[in-house]
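One chain, subunit A, appears in both complexes that follow, with subunit B as partner in the first and subunit C in the second.
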Partner chain A sequence: MNAIPRLAQAIGDGKDFAKPAAEIHDAQHGKVHLQDVSKVFADGTVAVDRVNLEVEPGEFFTLLGPSGCGKTTLLRIIAGFEDLNGGAIFISGRSMLGVPPHARNVNTVFQSYALFPQLNVAENIAFGLRMRGVKTVERRRRCQDMMVSMQIDVFAKRMPHQLSGGQRQRVALARALINEPEVVLLDEPLSALDAKLRQELQVELLRMQKRLGMTFIFVTHDQHEALVMSDRIAVMDKGLVRQMGRVDDVYERPRDVFVAEFLGLSNIFRVQSKQGADVSTSLGMLRLSHTPETLQHVMVRPEKVLLSSLEEKGRGINDFHGLVREVLYMGATSQYGLEIDGYPLVATISNTQNGRTRYRVGERLRVHIEPASIVGMGG
Partner chain B sequence: MNFSRSLRTYLALHSWPVFLFLYAPLAIIVLFSFNRSPVSVQFTGFSTAWYTSLFHNQDILAALGRSLELGIGSASLGTVLGTLLGYGVYRYRAAGLAWLGLLVYLPIIMPSIVFGISEMIFFTYVHQFTGFLSAGLLTMGVAHVTFQIPYVALVVYSRLVGLDRHLFDAAQDLYANPWKIFFHLVLPVTRPAVVAGFLLAFTLSFDDFVISFFTSGPDSMTLPLYIYGAVAKKGVSPEINAVASLMIGMVLVAAITNLLVSRSKEQAQRPSRPWLRSH
Partner chain C sequence: MASSLGTTERAHSGRRSERFALGFVLTVAPGALWIILFLLAPSILVIAMAFLSNGDYGSPHLPMTLDAFRRVLGFSVLGWSNGNLKTLWRSLVQSATAAVATILVAYPLAFFIVSRRSYLRPLLLLMVILPSWTNQVIRTYAWMELLAPDTSLSHLAQESGLIAPHMGLFPSDFAIFLGLIYNYLPYMVLPLYAAVEKLDWTIVEVGRDLYASGYRLFWHTVFPQTLPGLLAGIILVAIPAFGDFVVPQLLGGNKFLMLGNLIANQFTSTPDWPYGAALALVMLCFTFAGLFVFRRVARRLGRGEGQIL
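After this line comes the complex of A and B, so read on.
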């Protein structure tokens, strides 16, 4: 226990900020390892299907997927609320089979917040310490420190029903963090908040996680949230992990159509035939810089599509003539709906880059895609 | 709009006979408890003599004492057991134990005369074979607890069902073992229901005639049994009217207190304006 940095200290003066938490912890502390984990509910629903995950200590790890794909169930398995139908779980290197939730050093921020209605804010936050038998004086002090650092100390005596959504969210987070758990599990903690507050809290949550160096496993169905916050993500679908990796890798190199479409906008074309690095698609011949073995689709992100006027010289390969069908002005960027030989292509262009970047509906222009920007994918 | 207004007028006019049927007998009882004449058919003048004689009637006071003893005793035990049952049914509602819920309902829908007779037969058997449980306050208490449990269990269960079920996960997540969950979450959040269950159980017992009639012994005459006996022997006397009036008064005071307390609580719980910190 002494190896864990004291929360108050970590928050207090930021001295620990420069020191990565992993150095303070022993190597396994806060590591979560799932091995072939499956969960089948009594009604036959396969909610989690042979999932393998390794979450590193101090990492911000996100489970991303559409509603009903098994994110919550996976989180509940880690917390200990659901038993497994197969596989094994290790937290900080210890097997969690048969360990009930109250004996796991893991805390959850529930989607509904689940604040205790009969307790005020301070009592809610101190609940975990009280259950563990922490002495009253220390409990008060740690609770006060926590509330100050979360800017909720003025609400200490309020009841949960007297708080706004954002305040409840903070209390729920404080109630989990104060216990200095090995892992913090967060189930769509921001989804009930309005957009502006959500953005503020995203940044705040991320800073807090980095400062404390705790392992966070974060569940969301919001791809923007996942992109902003995560070190690594696992994209889930129907109980399966479709792809796992650093968030930028998954975005740049999605493995399949599902991942490409779920994470960001994409142009996807079916591969009709393949000759070396050249593939034939509905768009025409495309040159790729890298072709994987199973190649069924090629994908290009809209921001990787380069537009120029027809007068400019073409580059020989991956060059097309396009027609602007639709322009969506989005402030910093504009999104162009193009048509190439009758096939649609979406391009996103920054409105601040040098040169001519604005095109009108009905205008003809030159479209270029770098071979390195094209991703070959399986199904 | 028009329809609802005419409906309201209709209800306002036509609910009066119902209220009349409901409250006129009660009003008459209260009125005649102050009657000077001992004959309960004509009012001859105002008097509080019957209340005075009531408080000197040792039989009535003893019966009242027994009723209170039985009511408080059985309601206490019935509340503890009913609360545990309500929590148990809630906790294991998903584990294929829905039939337990039916078992809980059964004593409520069973006619009390059947219930009373079967309890009586049961106690007679037990007494014959073991020598324990001779008819008296104890057997009445056991019978009362038996029919109180389902009522308390239902009140507590409906309170639990109305809560966010993740509260129980949250408590467990915050290191509470099953015992701590019960004492630090279940009891505090169900306290209003437990109190209401106790009051309900007490009222059921205090007011019960049928089941008490079959399970009582020679020395366990409670107030309802006494009133029945007195009426059967001598007809309705003004003294009985006075007892009844006192009971009506007690119930009214309890109901009004309950209403005021719950209303002020509701007001306290109404969320004040969400108050955001400005950064």
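After this line comes the complex of A and C, so read on.
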């Protein structure tokens, strides 16, 4: 039996370890609101620079960015581990200024898992309930339910050093979720796992989040992870939020070169001049269906580039002749390195389409880009 | 053919095992010799001596007897006295309080030093260790001067009604207590500092994240992590303090003897070697018993880390 359906079933079976979202009457419950939040470290580094963001209740929100962009600092600010140098922070509508971490109804899953080495799995998971004074009988019951739903009940008596990475990860997650926090903060929780396990846990995590209806704020530098898991994302760089929105919007319509390049592959051309919907670029004249006010670059995703043989009729606009320089076979797709008038262009074509979609190195072909597929961007 | 081949093989392996034996002797001998000369032989001497009779000048003589042990238990020609029990009790209490007090001082000190800038830390550690590089007797004399009657510290204690007029803070149990803390503090600070320095602060953050604060945060996140250092410190402080004789000799003024003084006296002022040897054996037994109990406790506390001791 495949791991994922089994997990889905298990999650469906775990009945009462968390309230379904519908039971929570307070509309603010689980909402996170950051207002002009800034953080400057003692050495003068601006880690977070006037960040504004609102995370809606029950949302899977991802902070994405390269290392050192301030995403982890932002998460630590929400958890209460870092003081603010400016701005305000509200969780479930209550101001969190001066509220220490232990008084916040927020739980964090750390990158290193950081399980208590002297406590076994069950004791680790029950720790938060114990600190809150939940009675032993109820604590045991909730802990048992949690372990069953996470499929770690067989490890209940094991010590952390006897567990594998994936098992530790589950324990760390269970230790946070059992407290039914208003917000769950996850700091690159999957980055230490191997690729296959990571994919499994991504799906598991996502299903669990949807089932529990809890707000998840997830930090990652992995764009694939961000794309797969998030409802909305904020792309960060140098302490600033460069773009925030639904994950598909940010991917399809990046605001600037940084976002476009960080999230997926892209072909980016500098705009030389502009005449209505037609812009002149290094590639030649391109027609856009929409041109923003500040237009410095145009971008087209490789999968939006259409290839056809030279015999087929051109469409008049945004048509080019290209030369195949390089073919990268990637299983489901192939990535073509093309050359158009000496300028490179990357195209990704599905290998399972009907008709002829495979081209050889050295072959000449027709390249077409739909005006609607071209995104005009600022800096 | 076959037999000659077998012989060569045997000869080869024989030479190999000879070389191995030589290497084994060369590497093990120094350590073994050390243990035999300086641990086993003296121990056997002391054990044997404890069962001999007392000679004219305190030197051991035949026949063998249990007389020394009877006197350890407090029986003498004058009947039974509780003097030895009192001395043993004072030694146990003094070494235990010294361990507890050094822990209470060393924990904040270790955290203070770790929280300083990296170039300051070795300097601060040096300041903790430096006094222990001068002679213990000299340092203890300095405490005598500080605590003697008619010194400012003694005056202060008089004013606050802690001691009777014209009595010094020294000689007293309290002076011994101070002397022991002062002498053994570095041996608690060093292992504890090493433990605090490599503390995993993420664990502490997890504790805060999971609603722990104050002493509970310390108990569940810091204490288990620093336990190995703490245990090492307790052993380094409590065992030498248990047998210390310089501090009680000088700061106790012969009124507050500890086991170490009792033993030392049997070999110096009023020689009685068998009695001294028997006392030393009793002390050794108590030390081992203490270590055994300690090991059990340590195992229970530190079960996640495997064995600490």
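We adopt the following convention: the second predicted complex is superposed on the first by the 355 of 379 C-alpha atoms of A that agree within 3 Å, B and C clash if a C-alpha of one lies under 4 Å from a C-alpha of the other, contacts with A are read in each partner's own complex, and residues count from 1 in each chain.
In the analysis below, a residue touches a chain if its C-beta (ideal position, glycine included) is under 8 Å from a C-beta of that chain, and two chains touch if they have at least 3 such contacts.
In this text the structure is predicted, and so the values were computed from the model without any measurement.
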item	value
Fit or clash between subunit C and subunit B when superposed on subunit A	clash
Touched partner set for A:166, first subunit B, second subunit C, both or neither	first
Which superposed partner A:245 touches (first subunit B, second subunit C, both, neither)	neither
Which superposed partner A:68 touches (first subunit B, second subunit C, both, neither)	neither
Residues of subunit A touched, compared between subunit B and subunit C (which is higher)	B
First (subunit B), second (subunit C), both or neither touched by A:128	both
Subunit B versus subunit C as contact partner of A:151, first or second or both or neither	first
Contacts on subunit A seen with subunit B and repeated with subunit C across the two complexes	79, 81, 100-103, 106-108, 110, 112, 114, 116-119, 127-128, 131-132, 159, 161, 175, 179
Sites on subunit A touched by subunit C in the complex	79-81, 100-103, 106-108, 110, 112, 114, 116-119, 127-128, 131-132, 159-161, 175, 179
Residue numbers on subunit C that touch subunit A, as the complex places them	200, 202-203, 205-206, 208-213, 216-217, 220-221, 224-225, 301-305
In the complex, subunit B residues that touch subunit A	163-164, 166-167, 169-177, 180, 184-185, 188-189, 191, 269, 271-272, 274-277
Residues of subunit A that touch subunit B when the two form their complex	76, 79, 81, 100-103, 106-108, 110-112, 114-119, 127-128, 130-132, 151, 154, 159, 161-164, 166-167, 175, 179
